[in-house]
Amino acid sequence: MEKMLDAYQQEFHSKYGVRTDLAVEAHEVIVEREGPPEIPGVIIDKEQTEHASICRVSIESEVGARMMGKEPGRYSTIEAPALRQHNREIHEELGGLVAKEVKWFIEQSQLGPEAVILVVGLGNWNATPDALGPKVVGELMVTRHLIQLSPPELREGLRPVAAIAPGVLGLTGIETGEIIRGIVGQVQADAVICIDALASRSVSRLGSTIQISDTGINPGSGVGNKRMAINQESLGIPVLAIGVPTVVHASTIVSDAMDVIGGDDPDQKQMAEELPQKTSFNVDPKAIMGTAPPAEPQAETPQALSREQRRQMINQVLEPYMGSLIVTPKEVDELINDVANVIAGGLNSAFHEGIDYSEIFQYLS
Amino acid sequence: MEKMLDAYQQEFHSKYGVRTDLAVEAHEVIVEREGPPEIPGVIIDKEQTEHASICRVSIESEVGARMMGKEPGRYSTIEAPALRQHNREIHEELGGLVAKEVKWFIEQSQLGPEAVILVVGLGNWNATPDALGPKVVGELMVTRHLIQLSPPELREGLRPVAAIAPGVLGLTGIETGEIIRGIVGQVQADAVICIDALASRSVSRLGSTIQISDTGINPGSGVGNKRMAINQESLGIPVLAIGVPTVVHASTIVSDAMDVIGGDDPDQKQMAEELPQKTSFNVDPKAIMGTAPPAEPQAETPQALSREQRRQMINQVLEPYMGSLIVTPKEVDELINDVANVIAGGLNSAFHEGIDYSEIFQYLS
Amino acid sequence: MEKMLDAYQQEFHSKYGVRTDLAVEAHEVIVEREGPPEIPGVIIDKEQTEHASICRVSIESEVGARMMGKEPGRYSTIEAPALRQHNREIHEELGGLVAKEVKWFIEQSQLGPEAVILVVGLGNWNATPDALGPKVVGELMVTRHLIQLSPPELREGLRPVAAIAPGVLGLTGIETGEIIRGIVGQVQADAVICIDALASRSVSRLGSTIQISDTGINPGSGVGNKRMAINQESLGIPVLAIGVPTVVHASTIVSDAMDVIGGDDPDQKQMAEELPQKTSFNVDPKAIMGTAPPAEPQAETPQALSREQRRQMINQVLEPYMGSLIVTPKEVDELINDVANVIAGGLNSAFHEGIDYSEIFQYLS
Amino acid sequence: MEKMLDAYQQEFHSKYGVRTDLAVEAHEVIVEREGPPEIPGVIIDKEQTEHASICRVSIESEVGARMMGKEPGRYSTIEAPALRQHNREIHEELGGLVAKEVKWFIEQSQLGPEAVILVVGLGNWNATPDALGPKVVGELMVTRHLIQLSPPELREGLRPVAAIAPGVLGLTGIETGEIIRGIVGQVQADAVICIDALASRSVSRLGSTIQISDTGINPGSGVGNKRMAINQESLGIPVLAIGVPTVVHASTIVSDAMDVIGGDDPDQKQMAEELPQKTSFNVDPKAIMGTAPPAEPQAETPQALSREQRRQMINQVLEPYMGSLIVTPKEVDELINDVANVIAGGLNSAFHEGIDYSEIFQYLS
């Protein structure tokens, strides 16, 4: 059956030319072209609030996973351009949406009120756009050490939460996954929640999309390096990944520019419109700020330029920095602070049911 | 004569298609195409050291100024890719080169040993790539207040230096030029030296080029807004501007990408090679991090795409952020620190002849 | 009459042994000991809210000024131990109290809706406890540059506000008063509001007292150095000073400790109780973090130890740092952020009547 | 024998009234009073350089350990008031002294050139005086991940080094010792080196003493809480602790002040002179910046005041902050940066013999 599925998947890919890390997008492509499809074991749920639209894709079968090109699991995507506004009320609403997804994860993973959750803020605090994870950790209500010392009646409604921002491989010399595995063993954590800044394929997602998935983080999936995954398989406990795109690689927008201008060729233009590649984003934290090179130019995209020509042209524009150039909004400092507040508020609210939701935002810095 | 010159200048521009803020480049274009030209009143001086090449362009006549498309004055450009290396010895050498240019300015402006120099660190300390000026100010040996209290024999070899990092218009509500003019009047400064992070037209110049010019800073020259200049005319005293490119506008590299791919058309390709536009950079500090929009797509460049088509295509790639997206190296924090050390070391050395050059770098953080 | 007043004042001082910068305290001493006194031209107004007590002392006559040992003017003191709580709702209430005092100042100074106010954040951003002023400036809604460009109908309810954090003498080489005077002249400001971190005489006031006074800042008043005052006299326009104690000099608490233990002597103990010196605080910004030495041991206090003995003993405890040691709460970073939010919220609300009060706190970071 | 030693130790304590964490001081007290003593198994080695004096105390027997009141092990203390000078050359010399002690530890622990060393920067990066450990980690040449990928001929002279700054209990909810144990297991570290900011009993040691000991960190030794030790026993591999005092508790200097004034009583004065308590410092990292209360007033000291009286008096001076007030030099930011450079330079030099010593300081920021 494995084989058959592989064949199925390949056909899917060659049919749609889709390669995306966002489950929501993989599904959209199919729907848009063929009408509501019959993908077995893939359930889509959409919700619209005042400032956000939420899309939840549950991939519950191997067949569905292969058709979607994604691991089985649940993928929630909160899209909220209003996240970019420096407005506390909107942030509280969005924090509530994050809390809802996290609570779903807690229930789904059958974590009781005394289960210990370890929150991991991935990324490099020295580089503003990569500091999202560490900043969220800094805003969390960390309680594990307090609860150990408290009488049971005071613990009511407070869950034991631990948190760490371990830094990146270039700073520690240690795979982040190894650090987490070591700590999970020591604190006997029952689940891990990772927060990470992502590199987006699209400028329009910067600071406005929150992706929450129970498949964890699979660094370099498909790229070929051997970075350790941070997921249920590697850690032995449920793992939730929360990611927000904060940068686009410069090579990505150069490549996009080439697509756009190449679009003067009518055929190619049509293809460009069909391809949702700009809306996918990469969940490898190391591909953003770490030492790994950015994904190379998307050569899977059919177009007039050969893969090699395109690479040379991108080099021509970006030399001598090439791989290390990133694109961010000028006001990225403020954006990161706001998004960190939204996520930390959502987590605090989901974790500690004994605390009033409005109170939680009172105490955020 | 005005008219004639204008005609001359226009002919020059249409002939070479050159528009650049770097005097060295304006000259290079002419030399490369026509051999050593006869530009009256323009003197070029080149120097090569182990890690840097220095080019000094003196524009001493109105005719030369118009031909070059630059204000009359002296423009020194230190090009040193080694600036990007995190190596203290190289930084000391480059600091020495900065000192040499600053000393030339001090002599040229006939500033005696007791003349007060006000150093102004332009830019926004909240945005890493724009924090160069404030960081240099933080490393300076500021002495004005000490010298006022010291007996003459102790002042030997110490010049009165004052410094300020006033912030940007969006933070203060005040034109930076107004703030400087107010302070110059109070401290009776004899000269001003401005340090600024620049937006470059070329990735290759990021963190590797130092431009030093006695024409000051002319925000938005040619763009049409009314930002106050910071130069001898506006302040009444000599003004030296030291600038280093730390960002490229995202729209610039998208535009470059379009040029490169447009080059598949042989004619266009040839044009692209002729055009040195990627090596120019913009000396408007506000165009980098401030509130002013970035320069619009370089429509002066003749090419297959109309100005309007190109603008639409750039929008397509950069929406919804468009004007506010910047491109930087990931390691921009470290780069800014290193460049600030080089410039501060150079200034300290040029200002205080009584202090041993090696000592100055001892005390830099 | 001068002479007579001086005699009167001396009698007052020798009678009560009072020396304080807080008008409220000077008055309290008198009231506590003698019942409601007959101080001509001194009016006291007290107010109590849920989380704060406010005391306003107006000194309206020369006689009152001399009796109180303070410049004529209005001194409002908001005491709110709840300021130390990291609670947004309380902060909003306290911000409202600050706004009330600032509005009083605006009315009193007859500043119309188009009068330009320059806010000055005094202090050194590199030293956490001294960074209050710069942090407030960073949170302000600065509008002067926007209003200049807006049509009148859009300006409704928005006042032109400019702001600057000029740094301290050791960083700039320029008296802060000179910088302000220069900018006031350029922007034609109609009033100045200075924010400053203060050194307190008492640990109990750290982060919990806001002093607001229309007498400006008189650095080193009574100490004998010649630092330039920042007040109506020096700037030619009304000046409001807002100060919050964030540090205590180590020499102060050593001195206090000596008083306490000296109290075993019954006579001395009584004296110590009478002396309110621990509740006064020093309004010289430079005495906190700047280059000026801290006030020397309070030798005015009568006690068993001679002035010289006491100084030697303090030296014995604090060598070799002596003058530069400060006492702060460990969590001073968070305290400064909270207080800055309260003051910035109060200022924004007082300045811009067209903006809803709750909205203002929405946009504070 | 245990019992006998205990009796011996008690006699020692009651005889000398000594309680100190610095081995060098425990020994000095004995020598000063009685001439060179016969302490079995305690070896002292002193060295003097241009800017530092180094004292190494090796406690090699149980008897010596009990007499000294310290764990058996080696304690090196580098005293260098010049550390406080912002001078790079002196810092390099002191870095060399640190390297020497670290090399001794590497040899002593029989760590081969391929043994993995994990450096742990203890402390809270949000609180300037506690940020020493994290800052050192930020300056280290971390190589473990690079060496794994390099061919053997390139690894020559480079040791595999990993590093982490885990944060403090209040931020993570996890005992720092647990985090380290988890990581040690994952990376199969062969030794751990901890860097920590310490609370000193004496102002004179702030920023000028480096204590290096192979006994690790024993939080709250003798205080009675159950914080996990970070030493060979708890981790199973050799542990080196490097500590520098950066704060004094406010309660300490208040207590000192009481001692000094109490010294007017001749008997008490004599006692005060005998007592070296001000020169000891506390090696519990949590007692500095963490959640643990500071050590209570030194009641072991015989004096006129009862323990309870003294506590009340200290409260009187420090209310309402009491336990959380710390004393630091104003310029603590710069001090921490300088000390971090010295220690990081020393570690880099000791670790990587293939790199020239002067080169190492070239690359420090």
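The first chain written gets the first letter, and so on, giving A, B, C and D; residue counts start at 1 in each chain.
Keep this in mind: a residue touches a chain if its C-beta (ideal position, glycine included) is under 8 Å from a C-beta of that chain, and two chains touch if they have at least 3 such contacts.
Computed from a predicted model, the values in this text were never measured in an experiment.
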Suppose you hop from chain B to any chain it touches, then on again the same way; how many hops at least until you reach chain C? 1
Far-end chain from chain B, centres as C-alpha averages: D
At what distance in angstrom does the C-alpha mean of chain B lie from that of chain A? 39
Measuring from the mean C-alpha position of chain A to the mean C-alpha position of chain C, what distance in angstrom results? 48
Can you tell me which residues of chain B touch two or more of the remaining chains? 126
Interface with chain D, chain A side, in the complex: residues 126, 137-138, 142-146, 160-167, 169-175, 178-179, 181-187, 291
Residues of chain D touching chain C in the complex: 81, 126-128, 203-204, 206, 250, 253-258, 260-262, 289, 305, 313-314, 316-321, 324-333
